[in-house]
Structures are given as structure tokens and as C-alpha cells.
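These are the structures, in C-alpha cells.
You will see chain A twice below: alongside chain B first, and alongside chain C after that.
After this line comes the complex of A and B, so read on.
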């Protein structure tokens, strides 16, 4: 067990239980929570765990602030979409698209890193912001290749679509959508474990050392620029793979679903809420965040009706105000858990 | 006479119009501990920074083991065999004592780009780090975060990191600065232990004359960035010019 987790134990009983619950819920999501909306939520959680964890690798371990993470995410997604459009529907197209997206993301990340990481950290942040905005504009303009603002629908192999039926297990009809979910689930699990391995490797320790004191790391013989560049590339490539999975799952890619600044903000928020530099923070943070995003409105609607007899409270709990409450939840969580949920759980052990 | 391990040749750095280090040429040999003295602002730390690469020289050369290292980054110079301890404690504050030493050994062994194995699986690195901590008597604090350590223990850890690095040339910049009278001898004993190795070249910036007297084989004096005296401790200390003009009354008092 510890080998699978790369020796990185949760170090808190509460966190261990929480992680086990999330893992079990995601592993059996199609059977525990039937219905397309809950499956949609579960898949989104899986993919965002990987996306956020890859950002944590950069920010929490490497101490590098980047605003281009959604760009790499988008590269993976558009890779699959463009490859399918050119090569025709099929698994080769999916594989080629994912691979091409990953390689492109790695190369662009390397270029940005070598151009700007030598200088100050803030410069890197600004460069990533500029390039990400430029790419977003480019994608919406080059409609011949990318579908522009409308995005692209992706025709994936039939075995991964709801039209493909296999039979029934425990009262749940097994169709291609569920196969597709498990493709996403297992790929995300593998990618997460891979990142857990990387952060606990000698390389991961160097990243933490650089985050703590780059001057010192350089003085004891680590080539800081190379380590930071490699971390940037790895993070970008994993984000691209997450993007490919997202495209395969949604069977659609567009600027808003992958490249938008809102998603970048979500990633930043989740990393901070979950706990930077912990990896597990990405799991807990994403689960809570995506659930809140998808179900807070419903929950508030129910509460508003339940309290309809009382004055004022039903108005406050009206589903229309869900964003307000989400905002309040974030402020409270950052205020009470400055080191994130995982940092808090480990600290109060 | 053994070959010099470290040579600086006309080493110079200018900051605008100010010449901080002015054509310093000096050779350091293994088995020798050289104390670098001079008043505040004489350029001692800047000279160190030029050698270890934190600052690039305006002109002049630094040669380590016969190799010109003037154009190398600090990390490449460390790889080439230079070890630098800093005047202001410079460690990884939120990492443990053991990890601070382990990282140094990991750098020396060049295992940093290993992505697939577990850091804690490299038992040999951990065992060596533990042995170094034992030598500097910090074993009891091995799992503490460095930020929780006393100033004296942090300085000890900095020396431990130098021991772990096993460089050819050791550079200490006021290793006992800010330490209590009881703590300082421990550091000096450790430096004496390093000096006992005939292959080690040691450079020491120090103000305390009793320290210099007990450890140094040679003293060089910097003033306004220039090398003004170089010789055996007794000779340099006896030199009237050095005493009055550059070291103040400190020397005669001791």
C-alpha cells in the first residue's frame, strides 16, 4: 500500500478516511449514484483532481506561479479533437491526439521556462499570462482548425458512447458511457499516483528545496533553472493528458470548457483550499469544490423550501444566491485553513 | 610545495564607479587554512561571492583544480568542488535538519534528476546524513524543522552541510558570527577537524583574532578591495601598517 502511495502516507486518520471515501465513491460512482448528472460530476472530479494536482506540482512543490495551466489543458483537449477530425473516428486518433497534445504542451512549457525562469519568478507568471491569453484568442480566431468560439464536437468510438449497451450489473445498465467513465477514472488514478511518485522522488525533494530557498539550492549544487524547467514541462504534459481525457469524456471541446480564465481561477482556488504542496489537497479540494459547484444550488433550493414558513431566511437561501454562498464558503475556508484542508488536518493531528 | 587548488587572478568587480574587489591575485593550497581579514566593507564577502559565483567578476579569473571556473554558475562551481557556507544563515527553514543534510549529499551524488524512485528509498544517502549529524552532534534534532533551531544549532548545521558536501575548497564566512561564547568552540573544533585533512583547502573570513590565531596557517588582508598583506599570522599581525591602518586596535588588544 505504501509503495503505491510512494511512501507518502496521509499522516492523519481523518484525511485517510476522507481519501478512502472519495476513492470508493469515484470507483463505484456509476453504481452508487446512477444518473447521467452524477456521472458527469464524478468524471469532472476525476479529471480536475489530475489537473489541480499537476498545478500543485508546479505551485506547491516548485513554487512557480503560472497562469498558463488551462492552456496546456486545452492543448490536450484540442489535440484529441483535431486528430479525430483529421484522422477519422478511432482509437488511433485518440492516442495520436493525446500524444501530440502532450508533446506540444511539453515543448511550449520548455520554451516558456527557458525564456523566463532564469529571470524573476514574477516574470514567469506574467509571460504565462500573456501567452495563455494570446493562445486563447488564437484558438477562437482560427475557426478553420479549432472551430472558433463554437468549439468542436468529437466523434469518439462507439464503445465509449451511451449507444453501446452491454447488459446490466446490480440493476445499472452498462453502456459505453460507463466504459468511458472507467477509462477516465483509471487514467486519472494512474496519473495521480505517478505525480505522487514524482513529488516523493529525489527530484521532488529538490523542487521543495528550491521552493524553500532557491539561492541555497543553487549553492549546494542544484541547477535551479533545469529543475524548474523540468517541473514546468512535467506539469504541462500531465495537464495536457487531463485535457485529452476531458475531451474524450465530453465529446466536445471549446474555448470556454478548457481555456477560460474561470477554469484557471478554479484551479488556483482548489489548490489553495485543498492545501498547497500536499497532492492530497488536490483530491479533497476538487471533490468539495466540484460538488459545491454542482449541487449547492439544488441544496439551497431544498433548504429554501423547507424554511418557507420563516421570514427572510428563504430569500437568503434562494437558489439564485448560490454564487454568493460559494464565495462566502471560500473566504471562510481560506480564513480558517490558511494551509488548506490537508495542511489543517495534518497540523492538528 | 603542493599545487594550489584555488587561484584568483586579478579578480575584480565594479559596481558602478565603486571597485569592490580590486585585482586580487592569490593562490590557496591544500592543507592550508587561510584567514581573510580586513575592516568592514573591505570586500571580503564580495571576494567570496566572486569565487563561488554568486556575483560575476568584471574581470579576472578564478581557477579551481587547474580549471577556469570564472564563467560557471554557482551550482556548476559547487559540482566542480567548491563549498561555500554563508555569513547569514542560509538553510531550508521549513525542511527538517536531516533533510537539509540529505539534500546536500543527494546533490553531491547527482541523484536529483531521479524521478521514479522514492527519496526515502536511497538509504545510503540517509545513513551518510545521519553520520554527519552525529559528527556535529545534532542527531537529537534530526526531525526538527530548521526554523525551530537556535541560531547556534543552525550555524552548526551549516557546517554539517559543508562536511556533507565534501568539497575540495571550503569557504567559511564568519562561521561563529552571533554565537555565544559557549557555542563558538564547537564550530571551531569542527573547522579544525576539516583542516586536519591534508587534501582540504580552507578559506575563512573572520573578525575574532583568537579564532584566527588558533586556526590560521596564513592571513591575507583586504582593504578597499585590494590585497594589502599576505603571510604567516605572526608576520601579518606584527606588521605595523596592517595593525594601525587596516585592523584598528583589535590586534594589539588581544
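After this line comes the complex of A and C, so read on.
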């Protein structure tokens, strides 16, 4: 067990129970929560866990802020979409697309890293922000290749679609959609364990040393730029793979679902609230965030209606304004709980 | 014993001309760009139109970016929430202008300018106050940690943007320019929009005023010294934190001014307009050299011109052109065009 977790145990009984619950819920989601909507939520949680964890690899372990993470996510998604459109439906197209997206993301990340990290780590945040928004505009304009604002529908092999039926297990009909879910689930699990392995390796140690004190790490003899650039590439490539899975699951890719700044903000909020520098923070944070997104909004709507007689308050409580409260929570958690939920549970400061 | 000075006279060799000119090269960038534009754009009149609109855009970006770059230079604080001040400035200014509809609708230049002055004043007071609160509540606790600054100011940006939705609603607001600033004048066969000329003038005034304050006053001396070595200034008895708060407030107010200018330039405002402009602002402060007002000015004009020329030659390249410009300049001068020397 410890080998699978790369020796990084949850170190807190509450956290261990939470993680086990999330793992079980996701592993048996099609049977525990039948219905296409809950399956959709479960798949989204799986993919976002990987996406957020790969961002944590960069932010929490490397101490580098990037705003281009959705760009890499989108590269993987568009890679699959474009490969399928060009090569025809089939598993080779999916594999080639995912691979091409991953390689492209790694190369672009390397270029950005070499351009900006060489000078000042702080440039990285600004440069990625500029490049990511330029790419988002470009994608919506190059409609001949990317389908523009409308995005692209992806035709995936029939075995992964609801039309493919296998039989029935425990009263739940097994169809291609559920196979597709398990493809997503197991890929995400493998990617997550891989990242756990990376951050607990000597490489991950050096990254943390650089995060704590780059100057000292350099003095000890580690090439800071090299390690940071490598972390950037790794995180970009994993994000691209998550994007490919997302595209295969949704069978659609568009600028708003993969490249939007809103998604970038969500990732940032989840990492910080879940706990920077702890891979498990991504798991707990994503699960709470996605569930909150679904249920808190309903609650806020109810409260907004209940207070509709008062001035301004219903506007502040309207479900559309939930980002306002999340933003405040975000600021407070950066000040008071820089290690997030997981850090709190582990009792570290 | 030899008290006599050595017999040979030391010769102070002048650096070769090329060496002495090197620091000034960026200054040449804007004229060179304009000349290149003249060569590649076939029609002379459209070249003039594009140049004026590029300069106008550059001036507006400069007004917005100058505060941010100074704040960074002085306290090493990177404010990703700067865009919130742009949006708030635009919304406050627009609200005032809409309320003064009779003054903006009248065909009198004086009344129009008074209305704009009122709007600008209101916007600058509000964003200046916001800047003060932002510095106090959000930035102050995270001095010294870039990572936390980026995260926290980003959070502040989200909250501020949501507040705009709460106060003004989610829809975009259309704002017409005042009567006398509508339309264009014709000069040498080229149509030059009046408002753009005004924007260029305002930008130039802000630049000259900033330069005057920074170069000719004691306050400016403290600020410039603070950019180079804050600890030394502190040791000499000046309260650098107070100076910094002042600069932060002034920078925020300038962003508010820029927001009003941009609102009248686009004639429509949205809650996320600040974020869109911030992308250009980031490019400008990076290529200008973080902390340098002069570099920021050159960078802003360059970005404005390149964007307008590129949009004319190949519309789809407009945004990419700025990224390419940034990459090229960072390869040429990794610390930006006018690097700020830090005594650290």
C-alpha cells in the first residue's frame, strides 16, 4: 500500500478516511449513483483531480505560478479532436492525438520556461497569462483547424459510446459510456499515482528545496532553471493528457470548455483551498469544489430569495455571485491556511 | 621617498560611440517602427491614421501600466489585481458621464471637457481609494513573497470583478463620446479621430508630469532612490512604506484614468475589460523593464503601434504580434528594454 502511494501516507486519520471515501465513490460511481448526470460529475471530478494535481506539481512543489495550464489542457483535448478529424475514428487516432498533444504541450512549456525562468521566475506568471489568452483568441479564430467558437465534435470508437451495450450488473446496464468512464477513471488514477511518485522522488525533493530557497539550492549545486523547466514540462504534459481524457469523455472540445480563464481560476482556487504542495489537496479540493459548485449554488439561490426584501443582500447572495465568496475564501485561505485543507488536517502550519 | 605624482598622465579613454549609444537604442525603437510602418503600408493616409491610433492606444496603456511598474520597482510588489482598477475606473467614469448626459450632449467643447473632467476625477478618487484599501487589506500582509502576492492579488481581482457585477449588473454598458469629440478631422488626406488625438495628448501630459515629478522633485528623488535601494532610503530616515502607499494610490488612480479613457475609446464597457487590457499591460511592463517608467512608455507605444500595424496587414495576427514582439525583445534584452538597476 505504501509502495503504491510512494511512501507519502495521508498522515491524518480524517484525511485517510476522506481519501478512501472519494476513491470508493469514484471507483463505483456508475453503480452507487446511477444516472448520466452523476456519472458526468464523477468523470469531471476524476479529470479535474489530475489537472489540479498537475498544477500543484508546478505551484505547490515548484513554487511557480502559471496561468497557461488550461492552454496545455486544451492542447491535449484539441490534439485528440484534430487527430480524429484527420485520421478517422479509431483507437490509433485517439492515441496519436493524445501523444501529439502531450509532446506539443511539453515543447511549448519548455520554450516558455526557457524564455522567462532564465531571467526571473516572476516573469513566468505574466508571460503565461499573455500567451494563454493569445492562444485562446487564436483557437477561436482559426476555425478551419479548430472549429472556432463552436468547437469540434469528436467521433470516438463505438465501444465507448452509450450505443454499445454489454449486459447488466447489479441492476445497472453496462454500456459503452460506463466503459468510457472506467477508461477515464483508471487513466486518472495511474496519472495521479505517477505524480505522487514524482513529487516523492529525489527530483521532487529538489523542487521543494528550490521553492523554499532558490538561491541556496543553486549554491548547493542544483541547476535551478533546469529543475524548474523540467517541472513545467512535466506538469504541462500531464495536463495535456488530462485534456485528452476530457475530450474523449465529452466527445466535444471547444474554447470555453477547455481554454477559458474561468477554468484557470477554478484550478487556482482548488489548489489553494485544497492545500498547496500536497498532492492529496487536489483530490479533496476538487471533490469539495465540484460538489459545492452543484449544491452551494442551490443553497445560495434559496438564501437570496429568502432575503429578497432587503436591499443589496440578495444580489450578494445570488447564485451567480458564488465566485465572490469563493474569492474571499481564497484570499483568507492564502493568509491563514497557506497549506489548505490538507495542511490543516495534517496539523502542519 | 617620492611625493611627486607619477609622471605619466592617465588618459580617460572614451568608450566607442557604439558603446555609448547602446543604452539609448530602445529610444530609437518607436521612430524606427513608425518608419518601418511607413515603408510596408502602401497608402500614406492609412499609415497616418494607423500611427495616430497606435500612439493613442499606446498612451492609454502607458497611463495604466506606469503605476504598476513603479509599484513593482519600489516595493517588489507585483499586483495582478491592477485590472480591477481599470474596470472600476471605467464603470465609475461611465456612470458619471451618463448622469451628466446634458453636458456631454451639448455641442460645446468646454461643457464636454468639464463633463469628462468630472468623470475622470470621480473615477480617480474611487480607484485611488480602492488602491489604498487594496494595499492595506490585501497586499500589506504579503510583502516579500511573490507567490502569495500573485495569488492574493488574483483573489482580489476576482472579488472586485464580482463586485462590479453586484453593483452595475452583468450586462455591458454603451457610452457615447461627448458631442464635440465625435467624428474625425482630416489631415493630409488621412482621417484622424478627434478622440485619439485627445488620448495622445493626455498620455503625453501624464508622461511629462510623471517625469517631472520623478526627476525634479524631492519626492521623486526618494521614489527613484527607493527603487534602487529601499533599505538605504529607510536608513536615511524616510518612511519608505508611506511613500510606497502613496505610489500605490497614485498608480491605482492612474489606472482609473486609463479605464475612463479606454471606455471612451471603445465606447462600450464590460466587467472583464480590465483583464483584457491587463494582458497588454503585462507585455508592456515586461518588455519595458519592470520598475522603469521610461521603459514602460517606450514599451507601451511599441505595443500600440505593432498591434495597429499588424491588425491592418493581417487582422488575425494582432494579438500574436504582441507575443512575438515580447519574445523578440526578451531575447534581445532579457531584463527588458530599460533595465532597472537594483543595488542588492
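The definition used in the following text is that the second predicted complex is superposed on the first by the 304 of 349 C-alpha atoms of A that agree within 3 Å, B and C clash if a C-alpha of one lies under 4 Å from a C-alpha of the other, contacts with A are read in each partner's own complex, and residues count from 1 in each chain.
Quick note on the criterion: a residue touches a chain if its C-beta (ideal position, glycine included) is under 8 Å from a C-beta of that chain, and two chains touch if they have at least 3 such contacts.
Keep in mind it's a predicted model, so treat the numbers as computed, not measured.
Judged by the touch definition given at the top, the superposed model places A:212 against chain B, while chain C stays out of reach.
Judged by the touch definition given at the top, the superposed model places A:17 against neither chain B nor chain C. After superposition on the shared chain, chain A has more residues touched by C, the comparison being chain B against chain C. In the superposed model, A:127 makes contact with chain C only, not with chain B.
After overlaying the two complexes on the shared chain, residue contacts for A:230 are found with chain B alone; chain C is out of touch. Shared contact residues on chain A (touching chain B in one structure, chain C in the other): none found.
Contact residues of chain B toward chain A in the complex are 52, 54, 73-76, 78-79, 84, 86, 90-95, 99, 102-104, 106-108, 111-122, 161, 165. For chain C in complex with chain A, the residues that touch the partner chain are 78, 80, 138, 141-142, 146-148, 150-152, 154-156, 158-159, 162-163, 165-166, 170, 275-276, 278-279, 282-283, 285-286, 290, 316, 319-320, 322-323, 326-327, 330-331, 334-335.
Partner chain B is touched in their complex by these residues of chain A: 6-7, 197-198, 200-206, 208-209, 212-213, 215-224, 227, 230.
Within the complex, the chain A residues that touch chain C are 59, 63, 65, 115-116, 118-123, 125-127, 129-131, 133-134, 137-138, 141-142, 261, 265, 268, 272, 312, 315-316, 320-321, 323-324, 326-328, 330-331, 334-335, 338.
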